[in-house]
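Pasting the structures in now, so scroll down.
Both complexes shown next keep subunit A, but they swap its partner, so subunit B is in the first and subunit C is in the second.
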Partner chain A sequence: MSYIVYIIIQILTMVLIAPLVNGIIIKVKAFSQKRTGPPILQMYFDLYKLIRKSTVVSDVSSWVYKAAPYEVFSTALAAALLVPVSTMITPPDSIPGDFIILVSIFALGRFFMMAAGLDTGSTFGGMGSSREAMISSLAEPSILVCLFTAGLISGSTSLDRMMVFMQGAGTPLIHPVAILLLLALLSIIMMETARIPVDDPSTHLELTMIHEAMLLEYSGRHLALMEYGAAIKQLVFMTLLLNLLIPHDQFIAMAGVGAVLLSLLIYLLKVILLAVLIALIEINTVKFRLFSIPNLAALSFILSFLAFLQYFLLGGSYV
Partner chain B sequence: MSSLFDTLSVMILLSSFVLMANKRIKSYIKTFRIQSMLIALAAGILGIQSVMEEGRIDVLVICFIIVVLKVIYIPKLMNKTYSSVEYKVEKDFIWNIPALVLACCALVVFTYFSISTIDGINEGFNNIQIVNSVSVILIGLFFMISRKKAIGQIIGFLVLENGIFITAMFSTNGMPFIVDMGIFIDMLTAVMIMGVMVFQISDKFDTINIDKLNKLKG
Partner chain C sequence: MGALQIENFIQTSIFLFFTGALTALALSKKHRLCNLVSNWVCIAAGLLLMIASVMKIISGDGLIHFGLFQSTLSFLALEVKIDGLSALFLIMLSILTVCVSVYSIGYISHYYGKRNVGLFNFLYITFILSMIFVFTSSNAVFFYIAWEAMSLLSYFLVIFESERIENQRAGTLYIVMTHIATAFLLIGFMISYSYTKSFDLFGNSDAIPDGAKTMIFILFLLGFGTKAGAIPVHIWLPYAHPAAPSNVSALMSGIMIKTAIYGLIRFVLDFLGIQQAWWGGLLIGLGIISAVLGVAYALMEHDLKRLLAYHSVENIGIILIGLGVSFTALAQGSQLIGSLALTASILHTLNHTLFKGGLFLGAGSIHYATETKDIDRLGGLIKTMPITAVFVLCFSLAISAIVPFNGFISEWLTYQSIFAYIAPGQPGINILFILAVAALGLAGALAASCFVKLFGIAFLGNPRSENASRSKEVPATMNMGIGILAVLCFAIGVFPLFIIRLIDRVVSGLIGSSIFDRLQGGFVFTWYSMDLSSNKISSLEILAAIAVLTLLTLLALRIFGGKYIERKYGTWDCGIETINSRMQYTATGFSKPIKIVFRILFRPSRKTETQGGTHYHPHRIAYTVASESIFEKYLYQPVYIRIRGFSRRTKFLVQTGNISNYLIYIFAAILALMAYNRLV
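Showing the complex of A and B:
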């Protein structure tokens, strides 16, 4: 299919589904505490409300503060374009850009977020930025090694080529490399998207917050863009895990518009299941001390490195 | 079927990494129990296979013994020892935990290169199961080196023994029954003696830090 259709479907899917994932996670967590919890669509209402509200900008802040929300949101959208939600809709001559660009785009968005946290000169912003810098520098090697391993297996750095290869390989989830990559990506999601072992997204307790601390000064439209950007980033990581390691497109025998719709439907189902799984992990773990996070990061790195090693131990084959 | 054993061997290796990253005594025991469960699962599948193909039931019996001994009895014994000493969290390691985990990773790479020079084990390619299980032995040994408290050392010894068992099992498809039984009884005796020793040490010295054991006390 042509680029235009790809871009439209990609952006629409990501932008529409992203707040839903947060809603599901919050709902499952509420059920575990015997509360009814906010409605699943609550984040859409919140975003709508925030966009209509006026924004307050500190007098002492520079242009970085005002540019950061747009930067965060647009990098999230750019990243969303690189990870296909369904390989049915990818353009014939592959997507320009590969996973190294993906990681760099995320790094760019994160850089602006941290700079904005420092910009207003509040204590919490600076604290959140320094913690975010620590966690992201610990998580990045793990992501890169993980994606390099997937690239090595499939012989391509482009994400859609990788996904198509994985579909062809049949990927029995019992394969050792697939399991290790799955666990590595799961722990990366927990670290990158401010989930419980690392950061508690639902709290405003100053001592523990990381992601929230950087957004503390924001209000109105800016806050909405920041939150939306974070939600899209989370969905991009989940899509990466789902379409790379649990591919579904090889089971669809049809072609044409019906096949694309079916593929998107299965994708949505997988996203919901993964959101429930993430919520269950959050329920069953406690937040780590900040100084225990390197241990988690080391384990996450080990998972992806072992996947890399096991691939060679198996004689460089993945069937 | 070999892919299943590959995956199980990877999971066993992974559990020893998780053990290395832990610092709570309770988690040590829990992780050891999970590792033993995975080993029992591998032995069970191998046992069913050997019953179907050769009519041998000894591997299945070994699987049963693992479940009774390593999944139920020894963790229970460890928990009893754990409740009799006062410390719950390991605080002093030789290095910090990320460095220890990365060193374990280096051990796996080392095993990979040393196993590939042995001719008998691998038929033309590196046997993933052998590399993983020998790595478990080395990690168990390294765990004993890295922890300074006696309970950590017992767990390290048990992991080392697990590694020896799966190396034997994966390379021979089930050792002779009498050899496995000998190893198990040795291990059981050792663990029971060590448990009593830990209790006695903490009674006499008010600590089970092995650094403090170089002075004689009446």
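Showing the complex of A and C:
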């Protein structure tokens, strides 16, 4: 499959599916509260409405404030290029990055988002940036150790090669390393995408908000880009977990366009199931105190460290 | 260019520096002229040195070799020898010298008529000259003289604004620590001399037995570690660097502490040879501690320059991790991974020279414009100093290892060398290495937080003081000096293979295996494969992707969203209608969550005092927060108190002030020496 086709499929899939994930999570949560909830496609309508509205910009702010939404959105998309939704469409050895650069690309978007929080001179923005700085710093070692372990097992830091290697194990989650990494990545997703034990995406209460506090001043298309960027980032992390630890392409015994479509369909199913799982976690946990979040980060780090030890000290081949 | 021309270039450059220093003294009455002349001489000499050093590396392996001073005592010959490694560090020194000198043309103007500009420039140029000799000296005696000159000259520069008591204290701490370091080096050289009977740094060390080599390594590690500012021997650094004028801070942080990295590579890797894997392990351990604690302490600072000084500790940590991986791999015979890690570590040294030099110059610009170094008194500078803001943003991204800047490239190489060396069946190394990965990740993320704090609080939002709102953009020469560094940071980030090719020539000369062939792609860093992994990155492609995607986003917004309509309005103020700059987050507030999470390191304490009124509605509240440095309190303070107590008790027993006692001491010393000579 050629590089251009890969880029188009990758971007389109991510852009089209990302808001759906939020819709599903909100729907499942509403269901658990015996409410009807907004339609699953509500976020698409919101985004469309937002980009058509005029934009209010704080007169304290500078160009950093206006650049940040574009930066957040385009870095999320650039990151999406590095995490294949299906290994069937990846051109061999031409993706220009690995997971180390992935982490760095997210850091670029986050840097601008945190700076924009400070740019309007509002207390809320600073509060959100400050808390985001803490959470993202604590999550970083865990992400790296987790991906390093997966990378070392598969002998490459490039995500598409890692995914292909992991397919060799046949049945997903057969090896204890995969289970440990799954749990670690799941808690990283909760931290990185502002989900409930860490942050509550559905409130604007100053005591609890983190991600929303940084976006508080944004409106119109800037807000749309920020929200969309966050949704895509969430999907990228989910794809990372799904395609790395629960690969599916090894089960497809076909070739050609049909196989690709089938693979994408299975990917969509996996995303929906993971979204439901995330919703269930959100339903069954309460939001932590801000200073309990380090415990979650520590747990996640220990899980990924155990995965590393499990593989390298006790030995054992993955495939 | 032949070897002779390179030699001429270097001699001319050294001669120019000497002349510049003397001219500066001669012109010390005419401040403006003196400053212009000495800085232009530095720029010219720096450019010559840079061209000669690059040519030296490109032209090949031979040594550039000339004597400055011959004497009948063989070890006292002041001989200059330049191999690839020296040339590489000379490149770093000369790039920074040129940029800092361009910057100083404008920056020193605030000294006109107030201070002795001639003396300052004399010290500044001789300081650069002493570093040239540190990098090029061919024997230990010359190295020691240059090293000591560098320490003393930088001490005078640290206390240049000596009317402030904290500068004097910083200077004293610096001179004491740096001499302790020098003492370790001296003992190391002596032990080495006693076996090899030679001070030659380019000789071989076969005559030294293994046990002595380990001892020399430990001594060098202590000596150079102190100069580099590795934790726990870092305590002078966060005081001395902020005390010096900003252009000198840039040189000290940018290149002076790198003389220690040069020393570790020159004396340990090149001269002694790596004997045991645990040497590398020790370096990695020091690196992990320095990287994580350095950045953690930086986060707690709201003094602009002290924050940057702690970041130097962090980056020295990252460099030491790379060096440690290289030592470990070399000790176990993996030449390839050893050279990869050494390349990573040297590249990070260069990168740190560029962005930390730039950041200190940026801090100097802020100080020049606002006369304060306290981040909590700044704010909104992006409107008054837009150019400085862009440059500081570039350096902030570079130091946080964010694409597409140079810091990322060297960290990526470090990660790759660690990645390549982890394999089943070596439990100790694996655990240490994965901890190094976690430490690098944590340090990178905390550094990003810290620079969001620096950039966000100082440049964004509303001004927090009169000084900040009155500030103006600094003179063009200052921005030019910073600008060159920013462009270099970006250029190395996007086209790293230029500089990696130079470093690889040197590394393959030292270790004997080249990694450049494995970094395929020529101009752009695209393909890279090692025995264990097959990974590739391209910052350029990522940058292009981000740019194209931004354009596509704009296009899509235009199609689906129609015309962009913007309305300016005040920041949301919850209806109180008088939002003011004191309601913004401060640097202290920004880092508070991290301070609480890592409270074991900072031992934060707070004190609230209320005056008048009722308990719930006082007239005045004073709120102070403090955090303490555990190293100063639990490591240095007890030692200092014991030494002081001991000297107080013994002072009048030994130092009686009575001349006959002193004569007895001299007599006893001579007797002891004669006895020793007789017996041994």
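Going forward, the second predicted complex is superposed on the first by the 313 of 319 C-alpha atoms of A that agree within 3 Å, B and C clash if a C-alpha of one lies under 4 Å from a C-alpha of the other, contacts with A are read in each partner's own complex, and residues count from 1 in each chain.
As a convention for this text, a residue touches a chain if its C-beta (ideal position, glycine included) is under 8 Å from a C-beta of that chain, and two chains touch if they have at least 3 such contacts.
Values in this document were obtained by computation on a predicted structure and should not be read as measured data.
Of the two partner chains placed around the shared chain by superposition, subunit B is the only one that A:306 touches, whereas subunit C remains out of contact.
Judged by the touch definition given at the top, the superposed model places A:175 against subunit B, while subunit C stays out of reach.
More residues of subunit A lie in contact with C than with the other chain of the pair subunit B and subunit C. Contacts of A:294 after superposition: both subunit B and subunit C are touched.
Shared interface residues of subunit A, touching subunit B in one complex and subunit C in the other, are 294, 301, 305, 309, 312-313, 315.
Listed in rising order, the residues of subunit A touching subunit B in the complex are 172, 174-176, 179-180, 183, 294-299, 301-303, 305-306, 309-310, 312-315. Within the complex formed with subunit A, the residues of subunit C that make contact are 379-380, 382-383, 396-397, 400-403, 408, 411-412, 415-416, 419, 422, 424-425, 427, 430-431, 434, 437-442, 444-446, 448-449, 451-453, 455-457, 459-462, 526-527, 532-539, 541-542, 545-547, 549-550, 553-554, 557, 560-562, 564-573, 579, 581, 583-585, 589-594, 596-597. Residues 11, 48, 51-52, 54-64, 70-71, 73-75, 77-78, 81, 93, 95-98, 100-101, 103-105, 107-108, 110-111, 114-115, 117-127, 129-131, 133-134, 136-145, 148-149, 151-152, 155-158, 161, 216-217, 221, 225, 290-291, 294, 301, 305, 308-309, 311-313, 315 of subunit A touch subunit C in their complex.
Residues of subunit B touching subunit A in their complex: 3-4, 6-7, 9-11, 13-14, 17-18, 21, 96-98, 101-102, 104-105, 108-109, 112, 125-126, 128, 131-132.
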